[in-house]
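Next, two complexes with subunit A in common: one pairs it with subunit B, the other with subunit C.
On to the complex of A and B.
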């Protein structure tokens, strides 16, 4: 079959399923007695059109994109990490601890904070990875169960001054917050056309480009791919499954932790402090971004922007009388719909291949 | 030793048993269905969504009719709806079962919390049914025979599931499909159909469990109502080594760990609240670490079946 026809088939399938998802969302909105054009307009206002909004959208797209990069790395070797929410939180906690205690000033502390976040996340997913290869415990479940443990652990750390609790805040209003990052150890913010965003946006873009290159052009990426595609082949060529798997798992959690550290250092969330419920479900959303982007790291950028737009847009929904949780429904429907085309293509390719084999015999 | 005294205190108090079975009941409802799904080869993580939707539908059913039985039926239907999506996506379209399950968990969290905010169903805990003589058994009498009346469904569901899986042709085929789908396929069993059906069964059971959670235990809907119980039920199946007996034992164990947060302060033990709320998950992880190697999972657990592909 010509590649032209195949490509148009793919585009058609994706367009159809997206349309169905949006249609269902519109029906839900109409069913609760609102007007879908109003909802659409306020979503656009909240995410793009109103002054200062697209800066905010960029700000929440960054952590999602970082989480998604990590997720793609672990799926490359065939591991399923779904505990990014917890890894992100542990990363942010490590980053907050480093930020409060690291000596030195300015840029050095920023670097340490970011590295701290990566190490924290890598540690948390590394636990699941180690259990996977040491005792054969399914990593799907451990990563998931560790999310709650992470939330409680960080909750405990935020109650104790020797860990994270800010002594001043503790005596003042008894809020459970960590020490605020010093003004010179925050990621600088850029302002363009009345929108401001932090340098984490540029950092995230660099990481996405770099990861694409590493995964597709280097030996590191190749080894991950071999293990993921067929571990027997890996064995024959002396590529250790355990080593690659652990590495991918740590990188996957590490990027989630990095996302947490960036959230902390960029100031879009909670004013440079760690608070309870700091990750505000961005870990889960980042995971969804990765599910939609599938194996393609570059596809993360548009998907993360759309999901971030839904998120920031949802705060403008109050005027239309629709609950803001409707965006969660829209998001879920979109993801579910976008799972369909690859599956259909897979089945059709198989049927065609089988038909060819049969016609030959 | 304070630790052993504490254990003795818990073991000799009637309320500890009652609380443990109360928490375990929801797990058993869900885990029984999950067990069937796992025997057919699906590691069904959308069970969390099934329980949540079941609980929400239970609340709606009660809100509309003031009748708990209608609530439970609606819960079962809601669980079935979630399982329909899961089964069709993962065993007809061959999308990855974890990806589908995860998406469904997030989607139905959104759907239920959105609909709850729009409709605001009111509901309450149903009355208890106490069985006259059996209830008088010391320590465990109330735990097993003095619970809210939907608890009694468990006494039907568990033996029925056992019969269904071990004594019917359907059950044999389900087990065959989970063990060796290629062989089952060659002998004329529609592998993916059996897998879909076993997911429907999981949906019915978990939806019932969700309705029980709402009408028998919590009373009011809230989007955090399930709080990982689905995943704990899933692990209970692994903990039980994919046998029904073991699964129920696992549910009782995890149920009692879940109940510690309520029972221990009542007995005068002050424990770190963060530790208490992560304890079920820690125990679950430790249990998996200890048992994952000892038991043999169904031969093709979590492996999709496509004819001609191994």
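On to the complex of A and C.
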């Protein structure tokens, strides 16, 4: 089969399933008594058209994309990390701690804050990885359960000034917030056409490109892939499952932690402070982004943008009389829609391959 | 042979009186072009243990599966107590009083013994009654199983007894055991046979014992049916036969093909040409390329697999390791693939000790392996042909860690051409290749880096005739180029036609080894069946 035909088939399948998802969403909107054109317009207004909105969308897309990058890395090696929400939070907490305690300010501190986030996330997922290889504890469970542990630990840290609680806030209204990052220790923001976004957007793009390259063009990516596909073959040729697995797991959590640090240092969320509920479910959404992008790191960019658009757009829904959480439903339907075509293709390819093998023997 | 045929007729005439518990006539099962069972007749008589003997793939298991309803016969009839019946599934068989203990256990490890026994009951389970019944049966047959033990805490021998209990609880009139001793120690086997004696003697049941071990067939049965290539070769009473004649029947011997005749075959003239300058080659011959010294390994369940195993491979020879499967071969290949740690002993390559705790060392130092199951440890189905070819030597495609796609693909294209791998190109996913071509990819990768030793485990299994021919030719030419080849196979013909030296593995040890010229089938058959000749 020609690759042209195959490509057009894929596009057609995706178009069909997306259309069905949007149709269902429209029906739901109509069913709750609103008008779907209004909803569509306000979603577009909120995410794109109104002044300053696409900058916001970019800001939301960055953490989702970073989480998704990490998820794809762990999936490559055959591990399932679903605790990004917790890894993000730990990363953000490490970043906040570094930001509050690092001497001086300026670019070096910014770098330290970002690196601190990565280390924090890597540490948190590394725990799950270590348990996996030391005692064979399923990483699906540990990563997920460590989310709760992370939330409570960070909650505790936010109640104590020797950890994260801002001393000034402690005397005042008792709000549980960390010390605000120094103006010099924040990621610089850029303004284009009335939209401003932080440099984290550029950084995220760089990371996505770099990850794509590492996975496809270096021996590191090759080894990860070997272990993910057949660990016994890897072992025979000296590629250690434990080493690759731990590395991938740490990278996976590290990128989630990086996402947390970027949220903190970019100022799109919570004004450069760590607050309770800081991660606002972006870890979970990032997991969905990875799910839709499947193993392709580049595909993260459009998917993260769409999901971020739904998120920022939803804040404009109030005027249409639709509950803003309807976007969660739309998001869910879209995820389903985008997962169906690959499944169809996979089943069909396998059937064809089997038929081919059978006809040969 | 004639003498055996006579004894089989005298054995057959004993059957008078009540009809046998099971009579199967002309049972046939054909898979594609393979005749798994070809018009097999068998009678299981009450009060007797009936041994079914044969090599791997002789059709023993297929025959038994037809009796229990797991496989539907293409032709033939089955009668129970003289009445013709159709057995469509194991439930039918159970209703007719036929039960089977399978070679592989089907126990739920997390459950207790009595719970496992009760599994499959669709009535309400009466906990106390089941437990009492299990205890009672266990006592009655001397099985010594505690109904409240968890299966995961039990050693293999006990698990076997639980399987037996599951079967006995339904009070079957016919009991089939498929290779029951393959995982048991000799003492555990002995206890099992004692229990079986009780089942047969005191309760007048019929037992069929399927095995490839001569000693236990001779020891535990009353009557023997020997199968080879899907057909019954011979029948006899146990008291009328001995190990030698059983081995001869089991392994088979083509009429007119005497041992001296084999010695004149092509392969042997090759060997002679090579071994003629005896004094010159002696120096080389004395040095082993690969040497295994006192290797012992255990399975995850703690069962000994290799037991003080010693072996040396010389330059330019094919050492054929014969043996019935399950005597430690897979463990040996795993050790040589760097996939398993040894509990004692060590591997020497060119006299250098290779640490077994560092995976990948053997492959790097030049031990190539063609594994028995290529999908398990030979190839990566989800990756491309060129990537699969790269595994043994990643520097060929990655310069300082960065991909050099041109070099990688050029190398792959080279190997594809040289080994005549039929695929759409270096980037074809491996799953798109046929089995024979996947095997060629393995061969190409393993032999392209000038290995010192090649370990080939069942290298021709599942391949068609052309691919088999190709593979054997390659093995021969590798040996001729100076590589030491260890050929592990359960097919005696393959061993005999390829090897320069032959060893037989039995219960994790080399039972004996000899030069090809000194080997004969009968002797090998005995070694394979009971570890001594």
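The criterion applied here is as follows: the second predicted complex is superposed on the first by the 356 of 361 C-alpha atoms of A that agree within 3 Å, B and C clash if a C-alpha of one lies under 4 Å from a C-alpha of the other, contacts with A are read in each partner's own complex, and residues count from 1 in each chain.
Definition applied: a contact is a pair of C-beta atoms (placed from the backbone, for glycine too) under 8 Å apart; a residue touches a chain by one contact, two chains touch by 3 or more.
Quick caveat, the model's predicted, so the values are computed rather than measured.
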Between subunit B and subunit C, whom does A:108 touch in the aligned arrangement: first, second, both, or neither?
neither
Output check: A:287 vs subunit B and subunit C. Expected answer is one of first, second, both, neither. What do you get?
first
Looking at the overlay, what does A:298 touch: subunit B (first), subunit C (second), both, or neither?
neither
Residue contacts with subunit A in the superposition, subunit B compared against subunit C
B
I'd like to know which partner A:23 touches here: subunit B for first, subunit C for second, both or neither.
neither
Which of subunit B and subunit C A:205 touches, first, second, both or neither
neither
Regarding the shared-chain residue A:229, is it in contact with subunit B (first), subunit C (second), both, or neither?
second
Residues of subunit A contacting subunit B in one complex and subunit C in the other:
none
Report the residues of subunit C in contact with subunit A in the complex, numbered from low to high.
337-339, 358-361, 363-364, 369, 376-383, 387, 390-392, 394, 398, 401-403, 431-432, 434-435, 464
Which stretch or stretches of subunit A touch subunit C in the complex?
216-220, 222, 225-226, 229-230, 232-233, 235-240, 353, 356-357, 360-361
For subunit B, which residues are in contact with subunit A within the complex?
43, 45, 85, 89, 93-95, 98-100, 102-104, 106-111, 113-114, 117-118, 227-228, 231, 234-235, 238, 272, 274-275, 277-278, 281-282, 284-285, 288-289, 292-293, 302, 306, 308-309
Quick check on the complex: what are the subunit A residues that touch subunit B?
28, 32, 80, 82, 131, 135-138, 140-142, 144-146, 148-149, 152-153, 155-156, 159, 284, 287-288, 291, 323, 325-329, 331-333, 335-336, 339-340, 342-344, 346-347, 350, 354
